[in-house]
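In what follows, chain A forms one complex with chain B and a second complex with chain C.
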Partner chain A sequence: MIRIALKMLFGDRGKYLMLISGITFATLLMAQGMSLFCGLMSWTFSTMRNVRVPIWVADPQVEQCNDNKPMRDTDTTRVRSVDGVAWAVPFFQNLSMARMQDGTSKMITLIGLDNNTLIGAPTKIIAGRLEDLRMPNTVIIDDFGVQRFSESRDHLIGVGDVFEINDREARIVAICETHRSFTGGPYVFTTYDRAVQYAPGQRKMLSFVLAAPQEGVSAEELARRIAAQTGLAAFTHSEFAWSTIMWYIRNTGIPINVGTIVIIGFIIGAVISGQTFYSFVLENTRHFAALRAMGASSGELTAMLLAQAFLVGFIGYGTGLGFVSVLGINLLKLGKVPFLLLWQIPAVVGIAVMVIVAISAVIGIARIVRLEPAIVFR
Partner chain B sequence: MGTSLGIRVQAVNKSFGRGEARTAVLKQTTFSAETGRLTMLVGPSGCGKTTLLSIIAGTLHADDGEIEVLGQRLDQMKSNAVAKFRAKNLGFIFQQFNLIPTLTAAENVSVPLVIQGHPYRYAEKKARDALAWVDLADHANFRPAKMSGGQLQRVAIARALVHDPQVILCDEPTSSLDSENGQQVMELLRKAAAQRDRMVLVVTHDNRTYRFADRMAEMEDGRILRVLDTQEEIRMHHPLGE
Partner chain C sequence: MSILFSRLSFYIALAGLLFAGSLVFRLSAQDPIPQPPHAPPANPYSHAVAAAGIVEAQGENIALGVPVAGLVTGVYVKVWDNVTPGQPLLQLDDRELQATLIGQRAAVKVAEVSTDRLRGQLLRLEKVTDMRAITQEDLETRRSDVQVADAQLANARAAVAQTEALVARLTVRAPRAATVLQVNTRPGEFVIPGTAQSPMILGDLTYFQIRADIDEQVAPRVKPGMTAIGFLKGDTQRPIKLEFVRIEPFVVPKTSLTGGSTERVDTRVLQVIYRFLCSDSNPVYVGQQLDLYLEE
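Here is the complex of A and B:
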C-alpha cells in the first residue's frame, strides 16, 4: 500500500514539488535563522574564545565579557592570595581607535596581556612571532585586522608595518587568527603595560583578572572561593560565556528578530505544506474512498498518508539543509557574517519539520478516516 | 449449475438527513440474488439503487434490517471485519471507473491484491493476466489518461476480478460509455458471472443492457416491486429493451 501511496504522490508532480518546496523553504528559513542567532551569540563571547582561561574575575557589577567596569590594580594580588589559585594575571580590554599612516581611523578591540606570562595570547600565529611582543611598541593583529587596515593601501599590511593607537606607535610583529568580535573591530593584542599606555588616561585600567586553579581544585570551586573572599565576581569559562549570551538575549532585540524569522519559517512551512497536502488529499478523496470500498482499512489509509507526508518532509528537509549548508559555506567565505550551524540546529529544525508534516498528515487523515466509502458510488 | 443465495437483504430501512429534512430512501426493502447468475437491479433514477448496493457492499450502514452476503451477516460485523470481508470477497465496478490516474493499468488492477497483503510482483503478474482476460494485455503500462472510456471500464473489470472474488458489484457500469463499449463491458460481465460460485449484481437504468440479465429486480421508491426470474420474462416485460 505504501508503494501505491508514493506512486499517487509522485504522479502529482505539481503538488509534490509544491510540498517539497514548502518544507525546503521552511527548513531554510528556520535553520538559517537559528544559525544566524548562534553565530551572533558566539560572537558575543569571542574575547573569551580567543583568550581561553579557566576563570574570569571581574567587578561585581559585570555580567558579560564585553562589559568594562575597571577594577583596582591591587585586585590581581587579592585574587592571587585566594587559596587554590595556581596563577592570576591582569587583563585589559577596551575599544580604541587605530590610526593608519594614511590618516584613516579604524575601531579595534585592544587586548592587554600580562607582561611576563602573556597568558591568553593568541594560539594561532600565522605570521611573525609571539615572543617579539616583548619588544617596545609592538602589537599582534588578527587576520581580520589585516583586511581592515589594508583597505586604503595598495598592498596588505603585515609584519613590520606601523600604525598608531591614540598617537602612540604600534608596530606589528605577528598576525594571528581570532574569532570575530561582536563589537565589530579587529583584535589587537599587546602587553598589559603597553595597553594601559595606549588607552587614554584613566585612573583604573584593570578589566579582568584571569586565573586558574591548582591541580585538585575545580574551576567552579575556585570561582566560588574567589568571589567569597574578594567580593569580586568570579566565573568559570562556561559560566561567563553563558552569562554573556544571556545578557545579550535579555538586553538586545536579537532573540526577537531572529525568533521572528524562525517562527515565520515554521508558519510558512506549515501553511504551504498543510494546505498543499490537504488539497492533495481532497483531490484524491475519491481514490482513497475507492481503496476503502475495496477493503483497505483505516490503518492502511493512515499509513499511506503518513508515508506520503513524511517522505515529502524528509526530501524537503534534506534539500533545505543542503541549501543552508551551501549558503553558510559561502557566507563564511565572505566573512563578517554571523553563521554557526551547530549540530543541534538540524535536529531542532528536523523536529519542527516533522511537526509540520505530522500536522499536515493528521489533517488529511482526519478527513480520510471519516470518509464514507459509499461516496465512490456517487 | 446449482444456485444458492449469495445476497439476502431483509426488511432494510435507510434514511438520510435529520429532523424535517429526513427522508426514507429504503423502506423495508427485501432483496436477494443467487450465485452463478447476473442479477440486474433496475429502476428510475433516485429510487435507491445505489443506496441498496452500498449497503450490500458494507460501505453504508442500514438503519435496521438484515444484510447477509455469502452467508455472513454484514450488519452484525465490526467495520474492520467488513473491510476485510470486502477485500477478499467483493469486486467493484463503478460508474466513474475510479482508477487512480497516477498508476498504470497493471498497477491499478493489482490494488485489490495489494490490499489483501500479496507481494507487489505477484500482484502485478496476476494483474497482467486479468488485463489479458479483458483483452488489454498490451495496455498494461498505460496510465488512465491515455485510455478511452471503454478501455478504462475494462481495466476496472480486470481490477474487480483480479483477486477472484465471489461477488461482483457494479453501479451503472455502462452509463458513461457509448453503446458499443457498453455491450462489450456487459459481455465481459456475463462471462464473469458464468463461472460457478460467482455472482454479478449490476445496478443500471440503461435498458440497452437488459438482455444480459439472468434475473431482474425492479425497484421503485425504495422498494423492490417485481422480480423477473428468467431472460424470457425480462424480454416479455421489456420488449425492445425499454
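Here is the complex of A and C:
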C-alpha cells in the first residue's frame, strides 16, 4: 500500500516539487531566523568567548559583559584574599576611538590584560608574537581590525604599523583571530596599565577581575563565595554568558523581530503545504476511491496519506536544512552576518515541520475516510 | 521502498541533513579554557590575605635633604657606593661664605694687632714702679682697653668660626651607613631644600623591606606576625619568604600613580612591613612591586 502511496506522490512531479518547496521554504525561514538570533546572541558575549577564564568578577550592578561599571584597583587583592582563589588578575574593557594615520577614525573595543601574566590573551595568533606586547606602546589587533583599519589604505595594515588611540601611539605587534563583537568594533588587546593610559582617565578604571578556582573548588562555589565575601558580583563563564544573553533579550527588540520571522515561516509553511497537500488529495480522490472500492480500509488509506505527508515533510526538511547550511557557511565566510546553527534549531524546526505535515495530513484524511467508492464512477 | 531510493530528491534531503549535522557539530565546538600565557602568582595558602607591596631599603629610603638652596659644586659618590656615617656626599657652592671669611680673618688680624699694641702699652705702664709717673686713672683705662680689645678679638674669631661652621654645613654628609640608590643632581645644578625630587636617595640594603598595602576592607583579618610569601612582578616562579616586622599603626589613602595631572585616591590601606635578606641569586631592587599572600 505504501508503495502505491509513494507512486501516487511521485507520479505528479509538479505537485510533488510544489509540496516539497513549501516545506523547504518554511524550514529555511524558521532555521535561518533562529540561526540569526543565536548568532546575534552569541555576538553579545564575544568578549567572553575571546577571553576564556573560569570566573568573572564585576561591580554588583553589572549584568552583562559589555557593561562597564569600574571598580577600585584594590578589589583585585580583595578577590585574591577569598579562600579558594588560585589567581585573580585585573581586566580592562571599553569602547574607544582609534585614529589611523590618514585621519580616519574607527571605533574599537579596547581590552587591557594583566601586565604580568597576559591572562585572557588571544589564543589564535596569525602574525607576530604575543610576547612583543611587553614592548612600549604596543597592541594586538584582530583579523576584523585588519580589514576595518585598512579600508582607506592601499595595502593591508600589518605588524609594525602604527595608529593612535586617544592621541597616544599604538604599534601593532601581532594579529589574532577573535569572535566578532556585538557592538561592531574590532578588538584591540594591550596590557592593563597601557589600556588605562590609552583610555580617558576616570576615578576608577578596573572593569573586571578575572579569577580561577584552586584545585578541588568548583567555579560555581567559588563565585558564590567571592560574591558573599567581597560584595561584588561574581559569575562563572556560563552564568555570565546567559546573564548577558538574557539582558539583551529583555532590553532589545531582537527576540521579537526574529520571533516574528520564525512565526511567519511557520504560517507560510503551514498554509502552502496544507493547501498543496489538500489539492493533491483532491486530485487523487479518484485513485483513493478506486482503492477503497478494491477493499482498502480507512486505516490503510490513512496510513497511505500519513506516509505521503511525512515523506514530503522529511524531504522538504532535509533540503531546507541543506540550504540553510550552505547559506550559513557562506555568511560565516563573509564574516559580517551573525549565524549560529545550534543542535536545538534543527530539532525545533523538525518538530514544527512535523506539526505542519500532520495538520496537512489530517485535512486530507478527513476527506478520504468519508470517501464513497462510488466516486470512481463520477 | 526501492521507489523512494531511486528518487534524487531523497538523496538531496539526506545530504542536506548530513551537511546541517556537520555544521552543527563544527559550530558547537567550544574553545577550551586556555592555560594562562604566563603562570600567575598562585596563592600558596588555603587561607590568605592578598596584598600589593613595594620594595624599600631597610628602615626606609633616605631622600637626602640639603640645608640651603645653592649651586652644587661637587658630587663625591655614585650609585651603588656604600657610604659610612659622616662621609661627604655633596658639596654646595661656598664662595660667598669664603669671601666673607677673607674679611673676617683680616678683622681677626686687626683685632690681634690692636690687642698686642694695647697689651704692650699696658705692660710698659705696669713696669713703671714710680707711681707718681703715671696716674692710677691712666692705668685703669689701659687695662680696660686691653679687655675691650680681647673681647673684640674673641668676637672676630667667633665670626670666623661661625662662618666656618656655615661653610662646613655646605658639605652634605651621609647620616648613617647606607648604599647610594639614586643620584639626581650633578655639579653645576641648583638644589632647593624641600622639593619633591631629592638630590640623592640612600638606603641600607642589608635587608630589603616590603611595604604591603592591604585594603581597609580586608584589614581586620590581618594579625601581627603573619607569615607571608611574595612574588616579584614578572617572576611568579620564585616565591620570596618574608619575615614579619610590624604593622604600621596609621592607615593611609592608597594612591595609584596614573601619570595624569591628578592622582586618584581609591581607598585607604593598612600598611604591613615585612623584610627579607637580599641574595645575589635572586636580584631584587628597591622600588620593585610584589604580589603578597599573608597566611591566616
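Criterion: the second predicted complex is superposed on the first by the 371 of 378 C-alpha atoms of A that agree within 3 Å, B and C clash if a C-alpha of one lies under 4 Å from a C-alpha of the other, contacts with A are read in each partner's own complex, and residues count from 1 in each chain.
Following the convention adopted for this analysis, a residue touches a chain if its C-beta (ideal position, glycine included) is under 8 Å from a C-beta of that chain, and two chains touch if they have at least 3 such contacts.
Not measured: the values here are computed from a predicted model.
Of the two partner chains, neither chain B nor chain C is touched by A:Arg168. Touch criterion met: A:Pro373 reaches chain B, while chain C stays clear of it. Touch criterion met: A:Leu291 reaches chain B, while chain C stays clear of it.
Look at A:Lys7: by the touch rule set out above, it reaches both chain B and chain C.
With both complexes placed on chain A, chain A has more residues touched by C than by the other of chain B and chain C. In the superposition on chain A, A:Leu340 contacts chain C only, with no contact to chain B. Looking at the shared chain after the overlay, A:Pro54 reaches chain C, while chain B stays out of its contact range. Once the two complexes are laid over each other on the shared chain, residue contacts for A:Arg250 go to neither chain B nor chain C. When the two complexes are laid over each other on chain A, chain A has residues 3, 7, 10 in contact with both chain B and chain C. Across the complex, chain C meets chain A through its residues 1, 3-4, 7, 9-10, 12-17, 19-21, 23-24, 27-28, 31-34, 36-43, 46-52, 213-215, 217-218, 221, 233-234, 236, 254, 256, 258-260, 262, 264, 266-267, 269, 291, 293.
Taken in their complex, chain A has these residues touching chain B: 1, 3-4, 7-8, 10-12, 284, 286-287, 290-298, 300, 372-374, 376-378. Every residue of chain B that touches chain A in the complex is listed here, in rising order: 50, 53-54, 57, 59-60, 80, 83-88, 90, 92, 94-96, 98, 100-103, 107, 111-112, 114-116, 120, 171.
On chain A, the positions that touch chain C within their shared complex are 2-3, 6-7, 10, 16, 20, 49, 52-54, 72-75, 77-81, 83-89, 114-119, 121, 123, 130, 196-197, 201, 203-204, 214, 230, 237, 311, 314-326, 328-329, 340-343, 345-346.
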